Amino acid sequence: MKFQIPRLLVLIFGLFMIFQYFVPHESSEWIYEFLLDWIYIIGIFALALGIWSLYRVSVDKIRTRKPNWPYAYVTLLGLFTMILFGFTSRSGDSWGWYFVFVITVMLTMGMIIQTMITKGSAGLYAGLAGLFFVSSILIGIFDDAWAFHFMTAEGLQNSLFRAFFDYILIPILSTMFSLLAFFIASAAYRAFRARNVLASLLLIAALIVMLRFNPYVSYICGDFMARTSSWLMNVPNLAAQRAIVIGIGLGIVATALKVILGIERGYMGRG
Amino acid sequence: MADLGIIVSLVIIFGGLVALFVRSIQAREVDRRIIFLFIFIAVAAPILFPFTFSETATEVVKGVFDKIESLPEGSKVLISFDFDPAMAPEVQPMANAISRHSLEKGHKIIFMSLWATGQALLTHSLANYILPGFPEKQDGIDYVNIGYKAGNEGVLNVIITDFRKMFPTDVNSVLLDSIEVFNGVNSAKDVDLVIAIGGGKPGPKEWVLFIGDPGNIPIGFGVAAVVAPQLYPYYPAQVIGILGGVKGAAEYESELQKTHPRFRDMDTPGLRMMGPQTLAHVVILSFIVIGNVVFFRSRRREKKA
Amino acid sequence: MRYWCRIAPLLLLLFSVSPFAQTDAPELPDTASTDLAPPAPVSMLRAHDTDDDHGHSITLEWELSPDDGAGQNSVVTYEVFRWVPSVMDILDTLRSRLSIVNSEIREADGVTSEMKERRVSLQTRLKELLGQLPEIHEQYPNDGEWHQVGNVGSRNTRYVNSGSKDTESSGFIPDFTGFYYRVDAVTVDSSIRAVSKIVGPVQSYGQWFNTGRYPVLFAVLIFGFLTLGFVIKAKKGAKLYVRPLTGIEEVNDAIGRATEMGKPILYVLGLGTADMIATIASFTILGRVAKRVAEHRTRLIVPTYDPIVMSVAQEVVKSSYLDAGQADAYDDDIVFFVTQAQFAYVAAVNGIMLRELPATNVYMGKFYAESLILAETGALAGSIQIAGTDEIAQIPFFIVACDYTLIGEELYAASAYLGREPILLGSLKAQDYAKAAVITLALAGLVAANFGWTTFTDLFIVAN
Amino acid sequence: MKRTTYIMMAVVFGLFVLSWIYKGISLQSNNDHYILDGFLVTFSAFLTLAVLSFLYTDNPFYKFAEHLFVGVSAAFWMCLGFWTTIVQNLIPRLSEGVSGFFKVPYLPGPYNFFFFIPVILGIMLLMRLSPKGGWISRWPLAWIIGTTAGLNFIRYLRSDFIKQISSTFVPLLGGGQHEWQGIGHFFSNFDLSASGQFVALVANWVIFLGVFCGLVYFFFSKEHTGTFGRASRVGIWILMITFGASFGYTVMGRISLLVGRITFLFRDWLGLVS
């Protein structure tokens, strides 16, 4: 029961998706469109699952005093503040008590976490949490400089939400990305050594392609490098790509088939 | 000041590399942090103290340059901006360089775009990068912007027989017949040179297939580095030259500065971008060399031992 | 007087139209507009439902006009016309009103019942009119007119008039309705044209099988039977050889090593979502790894990028632990969600690598730009690294930075290797036969291409 | 933590404040909330450096940046997902009232009730949070995997299999612009330029053999010995050449990324370059 029904679902929907490809008729088209829409919708529910997992793991870290546990607070802080920003936005020009509100909410969450993890004195933390919660509610009610927006996406226009995006997400993101410039160098240093035939081929090909950017090389041998590198990219590259693509295609097809036929069940645990 | 700075940093970089090379002969590995440091300096220095390696144009780039150089004054050049903001950083420099060059040589330029997003970029770059250098040039007499028309390759298919059928007017809805640039230009066949700048689809390839080959009109490419390899096979039979990525732009700009004193002090984004690129590449290459030296030396030691 | 009342609006109309008329047809160079004789019309005009589609589309085919490319060579375009009953205008007004109502409802804070009623009534009206369309078309040619539906350049002998299937869009073309078409051969001067014979009535309808996709169907059947055949064969206990795959052999030793060193094992499923086959293959491998890890009582760390992947991975690991008889050792935090942002995920995994210093990092699944960051950090942490991805652009980086890399298809073979189950090995065999088929077909096609036997190469053309 | 760490932190904090003041003053002229902006620019610069410091070794600043990044990004995706998927795709299909509440256009359709199925599946997925009903969550997972498996099966069989086979049909005796006109013609106008017939032919041959050997390398159920083994070795060679080339090719792009970041530090933060 626990495994048969899922397997049946896989079989039915897998086969349907295969058949619908051959049926141009409207009815099949539209079932197809429905199914595709559904996947996204389920995904969003799953995201809630994910957030929950993130929250639990962080709280756990704090409770069990795992190494680096204080940083878990940073994660949680970022999480809750961003969500809060995402659902609130300023009505007028002034923020009013908004920041106080944010702080009280954060304190509430903090206290809730404390109540969850504390050994003794849970009551005290719970009380504090309640206190902060009430005060935040009060601010929410009486301060009309800003408002909650559950209905419309105004939260995404919240200038603080934007600021977090532009000044926290983007810088870290692009810096992480730019780490590649360093790693590509260290990787080249470590790996491009003529240990054996394969390594040497790797090395030589890489050298040719990289040398083409060196202005002094073009003094010596004109655009020979440029031509060779583009030949490399056009001919052997094309061939290898095609071979790999065909292989991957087959692998995917075979795996998909095994999944549909219930031969490969690793994804359900029962390997 | 800037020169001093760059000299110092170059000394640091190459001195360091030599030192590491010496160490490597004693088969001593380099700590990756040192590699990171070198990369950082190699990229940061040229940004801090802008300096440019003098590029020499490779044949492929020179093909375009010489063509524009050799065309008689007043010949018709069609430049197509087939790219979007995402691709712009890479191809904008060459677009500017080529346009300026043609204006300088007194050619009559027809600007157009096969990409909906291209028209805005085109108008913007005309206003901000290309024209400011040439106050004397007038719209309609020295250049004209006929903008974007939907239809991808279809557009090309039509203008090879008749411009006016596809572009009755320019962007300011002036009839083409009343535009001096279009005197004697009925179809793309009457253009002396086509420059296709882009890298997507429709792009350079389409220009060759639908305009260059059927009308045997000389065509030059300015393309993103990624697609350059796929276009090399067209050179030199079907294409007079190709500018590939920042590198191509840099080469063109340096060539421009060599031959035209007027451009000595123009902004050269391509060359500026090449500074860090070149240095970083040199550093990486030398580290590969060092790595191999280390490898072979240590292997010999093992053999001895 | 009444005469003038009648004529005035006409004149007005005329004047108001004329400027547009000008911009429509700009004055052409004298070469074009001099004494054009009307061209000969197209011949053999045929119209039929477009094959292999969902309906709502009619295909027209004809023979070139003698004056296209030959003769006086004056034809520049062919304009395709369809006879449209006057009801269509009513339909369009209905549709526009419907869209207005919808937009009103969109703007309005609260949707009033009045709006809903209006919309419902409009919709019902639309529906019944659409229902009548077939009969209305039968009364051709009474109260209707020819509308241009499209045009193609000269030298073309085919036009597909495909409409939308959405009844509320103005491009809607109803199925099972008799349409009438004609094609005009038009010269540079669009007033000089030749009208073709009228074809019709022709109906559009959806097909139940796309004949253009036979090649795929054959491929499906052949491949399916191959796989099944070998699986059955393998079940019967036939001995199947598989060549060693270093990357995979290594996994077992790696787990052992981790146990000795008392260090954890990091398993990265990549950025793929659960719907990517690479990820599914990775699940299977994770299952194997988790089982061995459980047997060795080593620690396993599985940070995930996608929540659904997380839930699946939890299932996988959990049941592997059960199979290994280590249910008590299982903990839901072995598999955890990090975040759904590429580089935030990378940052977190980097941190884990440098703090937990895992003995082995296994990267299996879909990887993008982050591949090198992960692999280099892993190397920095001094872990043995085993990678496998089908993202071709990233394979080089793994090859460079990892100790063992599964290239493309090897990733899919890996699960079979780890399991050593005859069934899975059987399917490997099928894959190999398919590859052999590719090679032979390619060779045959090569010969065909070189001798120009298009009949063979055409077999591989798939209609989309 | 060690004393040095505290000292480090103090120093960094001091520098942070200094830069904040500096930025604030420099921004004062051209905008009115220069204090906030000064802080934000400084903060993003700090984060940038924190991430870069990871290159030296793991450290508190990197840990801070990392954990902050994780939290904020997760929240960002949640908010985005909530609006784009639930509110814009699901709600309008579910009920008029709710979509009115969320101010999104209700998309009336005869079959909208079908959209309750994914909702139910989604809720089933959430069941795994309950200790007992965890097994139910397998159904939606199975559903997703089944559907997409079928989808991919067809997609790849078509595009990666059949299409690729047909694209290996290259004319080995030249074609297109290099029509084979007999051996004499071939040698009489023999040129080595990139567009010459010879090069084109070599290319075709290399492509064909490359694909062939590459595929041979991927054979699992046959021992790679003898001719077969040689072919597979050639295959792996070609693969390696390819990988080397594409590695070298990406370097340029990666450097550009770093240029972007460093430009940010020097221009937007320190204002050293214009």
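In order of appearance the chains are A, B, C and D, and numbering begins at 1 in each one.
The working rule: contacts are C-beta pairs under 8 Å (C-beta built on N, C-alpha and C of every residue); 3 or more make two chains touch, one makes a residue touch a chain.
As the structure is a prediction and not an experimental result, all values here were calculated from the model.
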Pair with more cross-chain C-beta pairs in contact, given B-D and A-B: A-B
Most widely separated chain from chain D, with each centre as the mean of CA atoms: B
Approximate Å spacing (C-alpha centroids) for the pair chain B, chain D: 26
Chain centre separation in whole Å, for chain C relative to chain B (CA means): 34
For chain A paired with chain D, centre-to-centre distance based on mean C-alpha positions, whole Å: 10
Multi-partner residues of chain D (each touching 2 or more other chains): 51, 54-55, 63, 65-66, 69-74, 76-77, 103, 125, 128, 138, 141, 144-145, 147-149, 151-154, 156-157, 161, 164-165, 168, 194, 208, 211, 215, 218, 239-240, 242-244, 246-247, 251-252, 255, 258
Shared interface positions of chain A, touching two or more other chains: 18, 21, 39, 42-43, 46-51, 54, 68, 169, 172-173, 176-177, 179-182, 184, 186, 188, 190, 192, 202-203, 206-207, 210, 213, 227, 229, 231, 233-234, 241, 244-248, 250, 252-253, 255-257, 259, 267-268
Touching two or more other chains - residues of chain B: 32, 36, 39-40, 43, 232-233, 247, 277, 280-281, 284
Category of the chain touch graph - line, ring, star, complete, other: complete
List of chain B residues in touch with chain C within their complex: 32, 154, 157-158, 164-165, 168-169, 175-177, 186
For the chain B and chain A complex, residues of the former touching the latter: 30, 32, 35-36, 38-40, 43, 53-56, 58-60, 228-230, 232-233, 244, 247, 274, 277-278, 280-285, 287-288, 290-292, 295-296
Of chain C, residues touching chain B in the complex: 23, 26-29, 76, 153, 380
Residue numbers on chain A that touch chain C, as the complex places them: 18, 21-26, 29, 39, 42-43, 46-51, 53-54, 56-57, 60, 67-68, 169, 172-173, 176-177, 179-180, 183-184, 186-188, 190-192, 202, 241, 244-248, 250-259, 261, 263-264, 266-271
In the complex, chain D residues that touch chain A: 40-41, 43-45, 47-48, 51-52, 54-55, 63-83, 85-87, 89-90, 101-103, 111, 114-115, 117-119, 121-123, 125-126, 128-129, 135, 138-154, 156-157, 159-161, 164-165, 167-168, 194, 202-203, 206-211, 213-215, 217-218, 235-252, 254-255, 257-258, 260-261, 264
